[in-house]
Amino acid sequence: MKIQIFCVGGTIDKIYFDAKSKYEVGSPAIGKLLAELSIHFSYKVDSLMAKDSLEMTDEDRRLIREAVMNSSSDRILITHGTDTMPETARALLGIDGKTIVLTGALAPAIFRDSDAAFNVGGALAAAQSKPAGVYIVMNGEVFDGDKVRKDVEANRFVGLAS
Amino acid sequence: MKIQIFCVGGTIDKIYFDAKSKYEVGSPAIGKLLAELSIHFSYKVDSLMAKDSLEMTDEDRRLIREAVMNSSSDRILITHGTDTMPETARALLGIDGKTIVLTGALAPAIFRDSDAAFNVGGALAAAQSKPAGVYIVMNGEVFDGDKVRKDVEANRFVGLAS
Amino acid sequence: MKIQIFCVGGTIDKIYFDAKSKYEVGSPAIGKLLAELSIHFSYKVDSLMAKDSLEMTDEDRRLIREAVMNSSSDRILITHGTDTMPETARALLGIDGKTIVLTGALAPAIFRDSDAAFNVGGALAAAQSKPAGVYIVMNGEVFDGDKVRKDVEANRFVGLAS
Amino acid sequence: MKIQIFCVGGTIDKIYFDAKSKYEVGSPAIGKLLAELSIHFSYKVDSLMAKDSLEMTDEDRRLIREAVMNSSSDRILITHGTDTMPETARALLGIDGKTIVLTGALAPAIFRDSDAAFNVGGALAAAQSKPAGVYIVMNGEVFDGDKVRKDVEANRFVGLAS
């Protein structure tokens, strides 16, 4: 098994700069997270961009789609901001022969109570278990990429009826 | 979706008693872990026993198999000690129509660097994604229940060639 | 012993709002922190304001000084933003008969690697151990309130030669 | 300032070996703990022994007393098991010109909810703030070394009336 991990920013990677009292997107959290666990399959982490997902453009999504298509791996995990994760999922539909799983976190990975490790564990398992297609793993659930939205009020992902 | 979670003990549930300077198996860690996350699907946690997996008997495994067969759910997650997790997986083979996923942790869930949340996230995703059968999710991998062993020296799970 | 704890905001209390992608000062972190420890002396936590310390005004410092003077306790702990902690310490000089200790954190208490618990432990010990006067406890050191500055570049507190 | 830190074992240093399902005393936790914080004063960590404090003998306490007396530093911090910490404190009474502070933890430093960082922060502050003598810092309090006992039932330290 070989999993290609692409990181594009989002809350999971958010860090905090004291002087300026604001968050910025830092280096991919999933790299440190996996390095601290006992992982023995082959994976590669590449940062494509480091953006708050609200600021992602069509051009950014085109770039992600290209990276996925050009990857030699057919198991792709993408860490992504939560606000527009469903939009990016839809922009990745229709790529033959690849299982593409998006995940992220509702709280930065550096937080004591972050959901990052739980979500990444789920996304890795889905990437190995699901047939080709696009999926979002958040809140402990594996959603089809074209049947999920973020409920911003409730701060969670909700499946759409088929 | 409805997931039935059975807990039988193991390292994931280990706690520590200062006075006696030793570990004992405590109440199921997965209950607290899921309660602290934002989980919105229906799940039920039942503790079947609280044993170090080295002490599990054929009778214990018969009891687990019965609980799985009697469950009205066809998605089953079992938290289990790591040392004999593959033996229990094999004792659960051949149950029709149910996806059964075993997981646990190499370090107790109360440890700062425990793999518990990561593993449970993976096991939940596998339980939703895999066809009927028995699986072990450890070290970020989804193993077939009849093709995995624990490498005790290396303290990790290894897949067996088909 | 009775310790009065005043909270005025700062990094230690910073929380993060996903929707807006920015930090805001939340409720006093020291309350939750002490509640989770096994503390048996009498203490009281009062929030005076919730400000980034760069935004603190002379009026704010007058308000803090009044609260300290009006407190019936002679052991006072103040959690405060780090950037202007020395200024507030100086504004509290010359209050007879009270040991006043300021502390805070370089990383929010909700962060995995926050120095909050370490600093608060130090501040409590200093409040019990020091004669009347004003002190800052940061970076594991007990500084005299009139002989300390924050080295913003190095992100740490440095004592001034007497 | 120069602080000499001696480590003699105890719960704070407890680690866990999966294979044997039991705890053992590991290398000094205070070294890692301080290394991860932003500490800029000079300190030295020396491990004198690695014992559960229930197993400490008079000979062990004689060895600790000698190490303290032979140290060139007059600010000494000792991390110690909690069960007999008061006994060791009493064995260190009457050393002229040195401030000696004992601390430890009710839960191992590797636990998510350990009191280790909080206690060590307090012990460092007390070592800097107190006149020569012997002290115990536990549960957020600075106790005189000859006026404190551990309440084993309540799992906490209690001051004795003078």
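Note that the chains are named A, B, C and D in the order they appear, and that numbering of residues resets to 1 at the start of each chain.
Keep this in mind: a residue touches a chain if its C-beta (ideal position, glycine included) is under 8 Å from a C-beta of that chain, and two chains touch if they have at least 3 such contacts.
To keep track of the chains, here are their UniProt names: A, B, C, D = L-asparaginase.
Just so you know, these numbers come straight off a predicted model, no measurement behind them.
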item	value
For chain C, the least number of touch steps when starting out from chain B	2
Far-end chain from chain A, centres as C-alpha averages	D
Chain B-chain D separation of Cα centroids, rounded to whole Å	38
Distance between the centres, which are taken as Cα means, of chain B and chain A, whole angstrom	26
Interchain centroid distance [CA atoms averaged], chain A/chain C, Å	38
CA centroid of chain A to CA centroid of chain D, Å	44
Sequence positions of chain C contacting 2 or more other chains	106, 113, 155
Complex contacts: residues of chain D adjacent to chain B	11, 14, 16, 18-19, 21-23, 52, 54, 82-83, 106-108, 110-114, 152, 155
Chain D partner contacts - residues on chain C that touch it in the complex	1, 33-34, 36-41, 106, 113, 115, 117-126, 128-130, 137, 139-142, 155-156, 158
